[in-house]
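What follows is subunit A paired twice: with subunit B in the first complex and subunit C in the second.
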Partner chain A sequence: MIQPAKPADLVTVNIDGKDIAVPKGTNVIEAARLINVDIPHYCYHPKLTIVGNCRMCLIEMGMPAVDPATKAPIMDPATGKQKINWIPRPQIGCGTNVSSGLHIRTQSPMVKDCREGVMEFLLINHPLDCPICDQAGECKLQEQSTGYGRGYSRFVEQKNVKPKRTQLGPRVTLDDERCILCSRCIRFSKEIAKDDVLGFIDRGSYSTLTCYPGKTLANNYSLNTVDICPVGALTSTDFRFKMRVWFLKQTNSIDTESSVGANTVVWSREGAIYRITPRRNDDVNDTWMADSGRELFKSVKSADRLTAVKVNSADSALDIAINAATQLFKEGGAAVVGSGRSSVEEQFLTKKLADALKASVSLVSRVGEGDKLLVSADRNPNVRGALVTGLIKSLPSQKLTDLAAAIDAGKIKAVVSVGEDLAAAGLSAAQLAKISIVYLGTHANATSVAAKVVIPTQSVFEKNGTLVNQQFRIQKFARAVPAPAGATDDTVVLAKLAGVAATDIASVWKLIAAEVPALTTMSYANIPETGLLLDATPFAALPFVEGETLHYKPTAPVAATA
Partner chain B sequence: MNLKAETLAKIDEVITHYPVKRSATLPLLHLIQEDMGYIPEKAEEWIAAKLEIEPINVYEVVTFYPMFRRKPIGRRHIKVCRTLSCALMGGYKTCEQFEKEFNTHRGEVSPDGNVTIEFVECLASCGTAPVVLIDDDLHEKVDCAKAKQISDQIKAEAKKR
Partner chain C sequence: MAVIPLERKPLSFAERTYLPAIASGLKTTLKHLFAPNITMEYPEQRPAIPPGYRGVPTLVKDPHGREKCVSCQLCEFVCPPKAIRITPGEIPADAPERAHVEKGPQAFDIDMLRCIYCGLCQEVCPEEAIFLQNQYSMTGYTREEMVNHKDRLYELGGTLPDEHFKWDKKLDAEKHGNAH
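Moving on, here comes the complex of A and B:
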């Protein structure tokens, strides 16, 4: 890990003849990465401890020569520069931290020999079943045998046979023959997931990755082992044999399961999502994400997806539905139930709608137990977005008791729900029957059934937008797949309902920049892929529910999780 | 875990020899194997709990070393050397003789439960090859005849029990 360093902590090293200043304590692999020199490696992972057992990152190393007695530099008369004493044996790049004056050669004949030798040994018992291997196309062994291998095999003996399909856990399948024993998965389980169940048993050619008998790799972070496996040994049981990775389109997205906002990549092809993997963001999720967040895409194609605009339970069209909703609002007594799952843009437009209707706004809070890693206690991904846009002033509660009281008192006649199931949020069937509901949502539920007007909207994978995570970091997600026919972008629907002239995300952002003080300098396009930290001080007094997670420490007093 | 009191005392003592508890994994395995003759799965979990590590860490160590046994063996452990000198002087024949005497195969417990016969690497007595180590006693120049004699002795001792 490279930390930003003070200039005093920088040391100058020479890599392949190029001088570069890097922070003290950086290892050779990371230092070389800074000048775009690739040092191949398997076992090294920037977020895990260094073990140095794959030997792929061997480099040649030397220090400037000095006279042992006087410490005076020894000059090389041929070049007029200080002589370099090269260590006659290769060193591992991952386990070598740079020091001032260090010289490194990554392209010398010795290094080339080393890499070819290591590759040859790694491939000795490797089955070379790339044509049926899920990792093909994103396999380090494949890439580096092309880049650094000798190109042909001298191995004439019998290859080892090991178990081909061990179920390590509910989501991970192991092909032991492909394993190159890098131990990344073991270190991940021990150091990050804190669930030390994996290990190597037996030894030599028989070494086998395994779970302790009777235990399984079942923690909610097990699929990260699949991500960091440099070969096709650990595979996702869900993704296995489904699709070649090179056919898949990658779209940057955000994990919406909690307010952590783990950065993700959505892999899709021809409108279908095949998998979700984490995207590196050293300030949010490092290179990890929870298994639960990877399953979210499955609801996109679920049977209860809303695809038809309905007015009074009859199929209709969007503009008719908007008009019908407007008629309902005209009767007065409207209330808006916004959502902590909506994007910042949608929450902004929800506020515009509430302002136009002079309606009260409530949000529904979802609280679970935080796992202290990448799933926080607040299961709404964007409560802070609602605070920033001014949709709400205080934190939402789990039940809509105020709204229920207002309905009972007959003050509320129409309710707009932006994707929130009012029945689940504490309104009784009798209360739902008393009001006219305008429901904007992706999936059918008790509220959509009771609603007078139902407008199907899009899931997070089908639209563009931004979310503000628990750190007050605004992060954007992009459209990965087209929405099913009949589902309209929430921003379009909300803009129409609110009577705001905004047709796409860029025009919404023009309005946001003009009206939301915290976001004045921003547009959707200029938010970086790793997000932008907003000023959290105006909300410091609020009792947020999150406890400590990776890269997040609660500042305000933590409210009791009820 | 039915360990002898003295083994338990030794275990508690040996743990104090190391700056980190986990380093005592190997000595504990030795002590338990001496006590029980092998290392049952329960022992791995017992050691893990004792040393505050996960069972998988102990399991890794047990399987790494061939001299740790995860299954019980016979009452006597016959280890026949098969490294070069002994192999040249008839170590394989000696081993086969033992197998015949006890009606068993290498690595298995004999049907009467008396012995387990195994090949081992050099026992460092090449001058008197072939050599056989029975439990902790070294037997030198063990040809087929001597193997039979030793076997008879073991059988006789077993009968007395």
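Moving on, here comes the complex of A and C:
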């Protein structure tokens, strides 16, 4: 990883005759990447320790010559410059961090020979599986044999046979013939997932990746090994043979399973999502994400998805439903149940709605166990957003006890729920029957059944928006697939209910910038893909439920988890 | 645009009688009256198809009657008018003789209303499973009828000789190969 460096920490290195200044200690592969020189590699991964076992990154290295006795530079009379002492043998790039004056050559004949040789050895026992291999299209072995390989095979002997279609765990399938023994997966399991179950057995060309006997690769981070495997040895059992990757459209999104807000890429084709993978963000999730977050897209096409606007259980239209809801609110005694799963834009409009109705606002908190890595204790992705937009002033509780009491006292007659199941949040069936419910949500539940007005809305994969994660980093997600017919964007519905003239995300952001002090300079378009850190100091005293996770340390004392 | 007036050439006397033109027309008619037929009683008679002809794309089986396509979807990718649609599937691990191939098409559709008979699918196929063969006439009353599904594609394709038997070699290696 490249840390932003003070100018004093910069050293000058020479890559293929070009001088560049890079932070001291930068890995040679990363230094070359800065000037768009590709040093092919397999085992090197920026977030894992370096083992140097694939030998693909061989390059030539040298240092400026100095006289051993006087330390005076030795000049080369031919060029008039300081002579370079090239190391006579090739060196691995990944195993070297730059130091001042380092010279490297990545295009010399020796380097070319090395790469061809390494590629040839890697391909000796490699099966001709590309047509049935899920990695094809994003395979480093394919790319680098095209880019740096010899182009033909001299191997006439029989190839080694190794186990295929091995289930390493509930989500990962292993094809040992395709493994190039880079050990990335082993290092990931040991260093990041802290579940050291993988290893090599046997020697030489019989080396085989396997699970420790009696164990499985079952931890909640197992699919990251599939992401980092440079070849098609480790494949996702769920995505296996579903679609070739070159057909898939990539959309940047955010993992909504907890307040970590891991950056993700949603891969879809023609309105169907096929997989979710992590997107690198060195301040949030590095290059990882939890397996549980990769399954969230399954609910998009589930059978209990709401697709019809209902008023008093009869099919209706959006505008009629909005009018019906407005009629319900006219009777007074309205309350709003917002959501920590809504985007910042939706929470802002929920607040506008609550202000217009002079209604109280409650949120439902979801707390689970944090895994100290990329799933935090707060399972709402955007409680911080509700604080920033002023929707709530204090942290939500898990049950709506105040609202229940107000309903029992007969003070509340109508409740708007933005995707929250009121029954799950502690309201009894009798309490639900006493009030008129306006339900905005994606899936059917007890609340949508009890509701007078049901307006189907869109999932996080079908709309644009932003979320504020536990670090108070505002991050945006984009629409990956079109919503099913009948589901309307939450912001449109909320804007209509609140009587706000905002039709798209840009116009909502104009209002947000005008009204929310913390977000004055922002618009949806100018939030960078890696997010923007907001000022957390106004909320420093709140007892947030999260414990420590990757790139996050709680500042306030951690509240006892309920 | 400039207008260029052209002078019309006056007809000669012989031309004005139309007799030479009539005579030459009759000569052509007479010649064909006695020449051998070049038209054909289609569809009872069918033309001989020259080698290399690009007819309807079809899926073929190997000489042992086994499916060759592994649903790599390269033809779907290369097809310029996007006529091909494949749903890949997994060959179950207990399938006899076929388990080692692992992957095969669940569904394979070629929309012949889209196909332009370019032959790129045949060219790109790494398994030599799709061929444009002699079939040239496709008819149907509905759009749906003009989509060839997997079973129809195999029916049209039949069997072609195979010199490689790649997957047999693979199975062979698995049985007797360099297993440790």
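Heads up, the rule we're going with is that the second predicted complex is superposed on the first by the 562 of 562 C-alpha atoms of A that agree within 3 Å, B and C clash if a C-alpha of one lies under 4 Å from a C-alpha of the other, contacts with A are read in each partner's own complex, and residues count from 1 in each chain.
Going forward, a contact is a pair of C-beta atoms (placed from the backbone, for glycine too) under 8 Å apart; a residue touches a chain by one contact, two chains touch by 3 or more.
Because the structure is predicted, anything quoted here is derived from the model rather than measured.
S.K.: Tell me the contact category for A:Pro213 with respect to subunit B and subunit C: first, second, both or neither.
M.R.: In the superposition, A:Pro213 contacts subunit B only.
S.K.: Quick check on the superposed pair: does A:Phe121 touch subunit B, subunit C, both, or neither? Answer first, second, both or neither.
M.R.: After superposing on A, A:Phe121 lies clear of both subunit B and subunit C.
S.K.: Quick one: subunit B or subunit C, who's touching more of subunit A?
M.R.: C
S.K.: Identify the partner contact of A:Asp202: answer first if only subunit B is touched, second if only subunit C is, both if each is, neither if none is.
M.R.: Both partners, subunit B and subunit C.
S.K.: Kindly classify A:Ile132 by the partners it touches after superposition: subunit B alone (first), subunit C alone (second), both, or neither?
M.R.: A:Ile132 sits against subunit C, while subunit B stays out of touch.
S.K.: Considering only the touch criterion stated at the top, classify A:Phe155 as touching first (subunit B), second (subunit C), both, or neither.
M.R.: neither
S.K.: Could you give the residue numbers on subunit A that contact subunit B in one complex and subunit C in the other?
M.R.: 202
S.K.: Spell out the part of subunit B that touches subunit A in their complex, as residue ranges.
M.R.: For this pair, the touching residues of subunit B are 41, 53-57, 59-60, 63-64.
S.K.: Within the complex, which stretch of subunit A touches subunit C?
M.R.: Answer in residue numbers: 127-128, 130-132, 136, 158-162, 164-165, 202, 206, 208, 240-244, 246-247.
S.K.: Under the touch definition given earlier, write down the residues of subunit A that touch subunit B in their complex.
M.R.: 196-203, 211-213, 215
S.K.: Note which residues of subunit C are touching subunit A in the complex, please.
M.R.: Against subunit A, subunit C makes touches at 70-74, 76-77, 88-90, 93, 100-103, 126-127, 166, 170, 173-174, 177-180.
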